[in-house]
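You will see chain A twice below: alongside chain B first, and alongside chain C after that.
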Partner chain A sequence: MATKKSRKKANAEIVGFCCNYTVSVEPSVLKERGLVPENIEFKRLPCTGRLEVPAILDAFAEGAKAVFVAGCKIDECHNLSGSKRAAKRVQYARKILEELGLEPERLEMVFVPRGESEPIVEAARELKMRLSTMEGQS
Partner chain B sequence: MIIAERKPMNEILGMLDGVKKLLVLGCRGCVAVCSAGGDKEVEIMASAIRLGKKLSNESIEIDASTYIRQCDPEYIEPLKEEGKKYDAVLSMACGVGVNFIADLCQGIKVLPGVNTTFYGANLSSGEWKEMCAGCGSCVLHLTGGLCPVARCAKRLSNGPCGGSQGGRCEIHPETPCVWHFIHERLQEQGEADRLKEIMPIRDWSTAGDAGPRRRVREDLLP
Partner chain C sequence: MYCPRPIADVYNERLDITRATHIDFPQAIPTSYYIDPKACLRVNYQTCNLCAQTCTAGAIDFSQKPKNLKLKVGSVILAPGFGRVSHDVLEKFGYGRYPDVVTSYEFERLTCASGPTEGHLIRPSDHTTPKKIAFLQCIGSRDVTCDNGYCSSVCCMYAIKEASVAKEHEPDLDISLFFMDVRTQGKGFDAARKRAEEKYGFNVIRARVPKIDQIDSQLALTWTTDDGQSHSDLFDMVVLSVGLDAPEDAHAIADIAGIELNSYDFCKTSHGAPLSTTKKGVYVAGAFQGPKDIPESVTQASGVAAIASELLKEGRGTQTVTITYPEEDKALEEEEPRIGVFVCHCGVNIAGVVDVKAVRDYAASLPNVAYYEDTLYSCSQDALKAIAEKVKENRLNRVVIAACSPRTHEPLFQETLRSIGLNPALFEMANIRDQCAWVHAQEPEEATQKSKDLVRMAVAKARLLEPLAQPTVDVTPKALVLGGGAAGMTVALSIADQGFETILVEKSKELGGNLRKLTWTVDGQDARKILKDLIKKVEKHPKIDIMLEAELESTSGYVGNFTSTVSKGGKTEMVNHGVLVIATGGEEHKPKGYCYGESRQVVTQLELEQKIAKGKSAFKTTKNVVMIQCVGSRGEDLQHCSRLCCTQAVKNALKIKELKPETNVYIFYRDMRTYGFAEDLYREARQKGVIFLRYTPDQKPEVVKQGRGIKVNAYDRLLGEDISIPANLVVLSTGIAPGENENLSKLLKVPLTQEGFFLEAHAKLRPVEVAVDGIYLCGLAHGPKGLEEAVSQAKAAAAKAAIPLVKGKVAVEPIVSHIDKATCIGCGICATLCPFNAIQMVKDGKRKKAETITASCKGCGICASHCPVLAINMGGFTDEEIFAQIHAFSPEGCGEELEAEKK
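Now for the complex of A and B:
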């Protein structure tokens, strides 16, 4: 009856859930070129609308200090309302993080024009800076 | 349906102090429909507890499951044995489910994962409104189908009160005055004269004020 989930330990400091249509460049290339912080893991999804709240919370439980979700711009989603749904789930996950005593700013939703990697690079860098500020304060 | 909402995480984690093995148990009845305790919410709760425990450097083993209903004995029967594997069962069902498990499953510690709030209707995705108070003495045939017990802040039987202004409730100005609606509805139906009759003092003993209520239908008993 009960189901058990096996959970692998992740070491990434930042996890980015990216819609397949938002990242035009292979994430490994972004890393190799030093465009994004080193300790980042990209998780590609067919659509961010498929992303559920537990996946976001699990990323934190597995060691991530910050998470971002990169979906298509609201009116450009390949699946019409995928990124809109993702944004609502991000909002709910932020509420849970806050209830658990984590800063909701550790989780961010970004809307990216199709095929542009720059906003994702910016989001990753911005989160890294936020983390440094938060850790500097604590 | 019965409407419920997830308890705040600090309350949940407080209940789980010392719990090392937990079953988060959902219900596919009302709480699944109102997105408080169905399969999805069970997964969210399990993940949130894992994260909460990790943040306080505690370990916990969590299993998740969802029963068809937690308010019928045949569905919770497996829990009598299965539940013994856990330090606690966090029920995501309404209070009925939690009580029923506590009654029927001896030796199992059951905890509430949601606050059971009211009987309501689904206005739109993510929005519910109280429509019935389960008072046990329905007067909807006298009030145009609109319930003054559930929907009037003062539960008046002969309203509106003097505070109703412009069709709004004086206690919650954002809420329409149900007695205003009742007058309008009966007027539309050509039954406005009905409002001249004074409704007798209500017998609240049917509303649970005389202890837990019970209903028996002899023709259905085993």
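Now for the complex of A and C:
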């Protein structure tokens, strides 16, 4: 399905789906200051519970090498069960990745205290590291 | 020093460590050590006792117990100040979690030269210098979530001050300030803010930052501006401009004193009587009455003193202790000069740059120097005592202190001389702090050399110093009050109640002034009733003489002995009085433009108020009311902010909503300056649907006539487009213009500010006095202010004016001009130039000669510098003394003189 649709060539190496309550600082500022790796794209969602599996797979189809989903802490979710749902879907998407022959480590779910940007920045860096070690091995 | 118990230095906001036995700061009064009982090992664990054993004076006595004292007093004054905003509020902004989020108190200490970092601005986390700082305003103020709905009134200005100080330390700093409204409504504050913004290039952002985030030890802020745009940026340091809270023990104070508190736990008062609590005899001053800045606090402090003085006039003088000075040791003064030189370290203020010990040793080589020493803080109490002892011990008869500015410290040192029987004029200061350590902070060697030069010059002058007489003159126990408005009447009443005859001079036909035009006060009281009561009291008072339709024509004399002529109905009357109070008021500014005067539908706030007073019928056909703030103020016709128009507009908007709730009220503003508790009214107005629209000076709203009606065209910043509001009524907040002060200013020789208001002697410390002794100032003549502040100020002026009246005698400045009659040619140049009317021409035989009225002379020296025949000498600054000082500037000059003397 993904191959049939004409997709714009995405440059982002890492895509981060962030819930509205987790990232407060403008991503452009984070990039400008070099706080996050280049080639990263933040996609802001009203709630990570809204995130469907195809959207995650689409990100890979568009050229992302790794994806993370940042939701509220399980018991602090603004929409009660949003991040719980997201975690389940991420789990499912990892299985699909595996079936497709991709390493499931390329997809990660992180739980972040509300309104704090540092854990997200760290997640992005961690994923970047993971990518480079993976590329080193292959 | 021996105390083994380290504790956090609370004075330095816990940024430093001190001992359980400590002095908070070197200039503390009294400067004696005290023991923190919570930390002391002896008090808590019965161990240690080191200090008591080592104290050679045996001054530490652990057997002392707290005692209950019973005092019989006639009046109680509450001045407990303000409390701190609670930690919970600060924690919302990451305080305590992120080390580089600091409070404004901490920032103040960090930028202070005698603070924990000696003024080096550092980040608490890693001790590096920050490059980018953000100031967040309204922390714990204007915030109903922490029950502090009021505005703290002072934070906008202090943030600008702190930012300026930081910028002086680190010129490359990038500073952003986040305001909701910029509330710099104090006298001269707007101008100071503008200057600072231009000079330091602050980034002024109008937004409230909801929270702080930290990434890689940088602080991330996200905010939304009023155009709906979201922004983020990273900073090295964030300063929380913390508001003023009610004192923590407000309830305990209220219970003890039996007074009521307001809803924010500040003392409950009313606008007509701002210094009175709900209990008779108990009065309040300062921030406990409501958040306020230094000038207002100092004013209120004097104000309550007046009230207490009214109440207790029967007992006046019954418990006073008089300072007696020893007889002057004339014989010692006449001996060959024996000079003592004391060089001050001023902590690190001077010693950090100047080599104080080298300067001290250098002083030893100067002629007539009999004693020399260096001191850590010369102005501290024990140092003063030590200086006095040394002077006595060594029979010194001239003293030179090389320290800070004589402007602030000379009187202190002179007092010390007096206390040991030396004439205060036998004293000279060299300002090696300001003129050496501060301005040459980067060149320590040169600074030391210059200090030596200054000390040498001071010594040269000190050798020629002569004692000066310190005469006193009697005071006419009567006051003249100019202006019969709220302020003038309050002053007259208070002075009269303190027991002195008062003449109240009013220009118009009736008393009342601007208060006559008000219908109710901001706190909802009937303004007309306040006025009526006030007039009744003034008219009935046996000690007040009211002169209506009268004006001051001329004044001569000096503090304690003024003679004025007042014209009344074509006749003039001579009045003798000891003091004079200016309470001549101001007037509502009449603006140009905005169709004012062209359309009956365009009115000022005061005109609106009279319309509202007529009741609902006046608004029968009114659907839309548009108010425009800062018409004429803040840079149009008037440069200043008129302080009260925002509150007045909100008050009137609420009245309209009360009369006819379906009326649409729009208020165009630049900054809503509803400071203090008036913020409640602002919030209420928003809740009741008054629409507030901000405009900038480059996009002012326009009032246009359209057929028979009018409309207001403006740019709506929230919508991002031009809007047009058809209005039934346009109300202009026009601010307060000074009255015709120029004549009076010339008559009394009291200077005006640039805006045309009278200038006080010191903005913060002497807010109701002017440069001329015996003349006091209050009300709108001083600057725009509301009724509450005018009344406080009037009381303050009454307190200050009563001082010479009570004393019955005034001391005359010893530094006065002295005219040598034999040399004087009677040209009169000095008399015309004297800014204080202190020189009169007196017939001396056939010719007129100039004569100094010593009581009026302020010692400025203008006369001496202009006298064509050098007949005028200034006490303490004679030509010989000055020349000696100048000669000493060149080291050779000093040497030559020495040699000449030897020959």
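FYI, the second predicted complex is superposed on the first by the 131 of 138 C-alpha atoms of A that agree within 3 Å, B and C clash if a C-alpha of one lies under 4 Å from a C-alpha of the other, contacts with A are read in each partner's own complex, and residues count from 1 in each chain.
Here is the rule we use: contacts are C-beta pairs under 8 Å (C-beta built on N, C-alpha and C of every residue); 3 or more make two chains touch, one makes a residue touch a chain.
Bear in mind that the values here come from a model prediction, so they are computed numbers and not experimental data.
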| item | value |
| --- | --- |
| Which superposed partner A:46 touches (first chain B, second chain C, both, neither) | neither |
| Chain B versus chain C as contact partner of A:113, first or second or both or neither | neither |
| Chain A: partner with more touched residues, chain B or chain C | B |
| Which superposed partner A:61 touches (first chain B, second chain C, both, neither) | first |
| Which superposed partner A:100 touches (first chain B, second chain C, both, neither) | first |
| Residue numbers on chain A that touch chain C, as the complex places them | 24-26, 28-30, 33, 35, 115-118, 121 |
| Residues of chain A touching chain B in the complex | 1-5, 7, 52-54, 57-58, 60-61, 96, 99-102 |
| Of chain B, residues touching chain A in the complex | 8-10, 13, 23, 40, 43-44, 46-48, 50-52, 54-55, 63-65, 78, 82 |
| Parts of chain C lying in touch with chain A, wherever the complex brings them together | 211, 213-216, 218, 220, 222, 230-234 |
